[in-house]
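Letters A, B and C mark the chains as written, and numbering starts fresh at 1 in each.
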């Protein structure tokens, strides 16, 4: 029944110095479908692979907008993610209310990390069974953070979490040096490519199972300072997937040849 | 006339401030409201709604600033207001107005976050009424007007009293110069006291039927209403801010008014 | 010798009448600050091309509580503290100028201090600009007025907004806010604003106004305020906020004073001709 004697709660160390409940929570993240995030100098992109529990059901949402300057991608228990995203939304609205400032990404990520950590140190509590990629922009530019149930957070240049995400990470590592200076569209393309690497033989990216989200700094000279978070789902992802296909057949990253902004 | 202060005490002691001790309990009030003047008005048409207000902010006879907008976009982007489909004007105590606007804005944004669709103007109107009534015994000291397009795409305008009574109307003026502007709107928008010439005498007179006015006519009425109000009311002036909502979104304009 | 320590330091009953202990009574509703005690007077600020300049004098006047009922008369303005610094630097891009109650100013000062410390824990330092700060202060004022426990101040916040444009805005004890290219609180709203409106009329773009001109205008305002505001002094603080730095001077002295005009003033007191 039990894997060992030290996993009855999340507050007990094993003699090896491990907390099994937290590790199990991290397994829940690996069960979730994959999400990929990456940043360049101006934008942060999230892409996700949506799953439907059965043929007749709808697809589970992977990307949630927190505010116009920030969004999360989730892997693991969606209901736990909702609790976290509600909290982040509250904090973000609070910051806008009190200071008139969009909350700095690092600040809100630290806040959810503290909440997650509390769950690992109080008897009777359970760690969040979800991992997040948090993408957003603030005064210091675009950011991507990884969040794990243990309360661990890290700022990343590119990251993938969820089932078979190792394949995506391999792609990201291999192409890392191209990200920083690439264009917005190329960044989306890299994200989709990384996502595609994780697919099993019989699967492919479709308008139904792909979600793309972009947030970034607005181009010089525009009215607003930031390009608000834009979520592409359903038919909206078609031009992005077509661009992916074209770039694959030509073997190179194509320069901005398509209009993705709506 | 009788005085509360015992003057004989002062005479015997011979100090001018002795009445301080005789005065008993101190009565010093903190009054949590002020009137920042200004005026607003809203008019609807068949496929648009206009909300307008002057941009003067006053305290007593002082002009605080010549550029304090009273009309806001609700539910849009913080910086640019982009994406908003509802407009709100508030006039009265400006700090309450700002607080009210921000609460409604947060409400509308939470609605969109929770339900994944924008709030209808009718739902927003009902919610605004509740927000105002929640503070029934310490009210937001403002006259609010809410405007947008209804489910059929027609111009919709709701006007409120400070504690949340509201109704949908064709037009409404609020604030310092409302008593100057409202009769003008009654006549020019709802055609009150206008009769069809030659239709008869006395009870046989046929009243002119009100009909939705075209946008350009309404813009003219708004400008006329404010230029006239500025002439006769000292708390109104500086600039005219106009927000116009059509199916294409909200357009904002500013026109100079007299600064005296 | 009075052998009752409880009465030491209290006004003598035979001179001032019986001590009024009404304020010690615990019956009746709970009351908060219903009038300020030690107060600072005007704050004046002007936006110029590339920054903002803001000034206050260094005086804090005392209205003793036993004189409060007489405040409407000419009593009750003791120049209590003549070295009160009323400009407060926040981060490296914002200054707050305080008018009104000095103890409430010091309370707000502590609030700002703790925010500054908290902000500096984040990896990019304190990124709150003057506009953010003004929004925050207005919320604090509004919250306290809504609790009927006001912070008795009127402040100007000077600095830059998030787009890097010069920012000057006001907030008062009721939470009322407004912004303009030049602002003044208290007596300054009557005396300094007309001067500033003449020097910097609305038609004149901010880009045309130089730092020197703005500083000169403020000095002129401070002088007029000293001449005509009984609760002011000739020592003042002035801060020039530009993109590169905040230049804060807290021990300035009004120069070239001339009271010659005073002789010609007529129409007050017993003077009849």
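Before moving on, here are some points about what is shown:
The rule is simple: contacts are C-beta pairs under 8 Å (C-beta built on N, C-alpha and C of every residue); 3 or more make two chains touch, one makes a residue touch a chain.
This structure is a prediction, so every number in the text was calculated from the model and none was measured.
The pair with more inter-chain C-beta contacts, choosing from B-C and A-B, is B-C.
Distance from the centre of subunit B peaks at A, each centre being the average of the chain's Cα atoms. Averaging Cα coordinates per chain places subunit A and subunit C 49 Å apart. Annotation: 31 Å between the Cα-based centres of subunit B and subunit C. Centre-to-centre, using mean CA coordinates, subunit A is 44 Å away from subunit B. Counting partner chains per residue, subunit C shows two or more touched chains at no residue at all. Multi-chain contact residues, meaning those touching two or more other chains, occur in subunit A at positions 97, 100, 225. Contacts from subunit B toward subunit C in the complex involve residues 9, 13, 15-26, 28-30, 32-34, 36, 57, 59, 62, 64-68, 93-95, 98-99, 138, 259. Note for the complex: subunit C touches subunit A at residues 122-124, 127-128, 131-133, 135-136, 139, 162-163.
Listed in rising order, the residues of subunit C touching subunit B in the complex are 15-20, 22-23, 32-35, 66-70, 75, 138, 142, 145-146, 148, 150, 170, 174-180, 183, 189-190, 193, 202. Taken in their complex, subunit A has these residues touching subunit C: 97-101, 104, 106-107, 138-140, 225. Put simply, subunit B touches subunit A in their complex at residues 77-80, 82, 102, 106, 109-110, 113.
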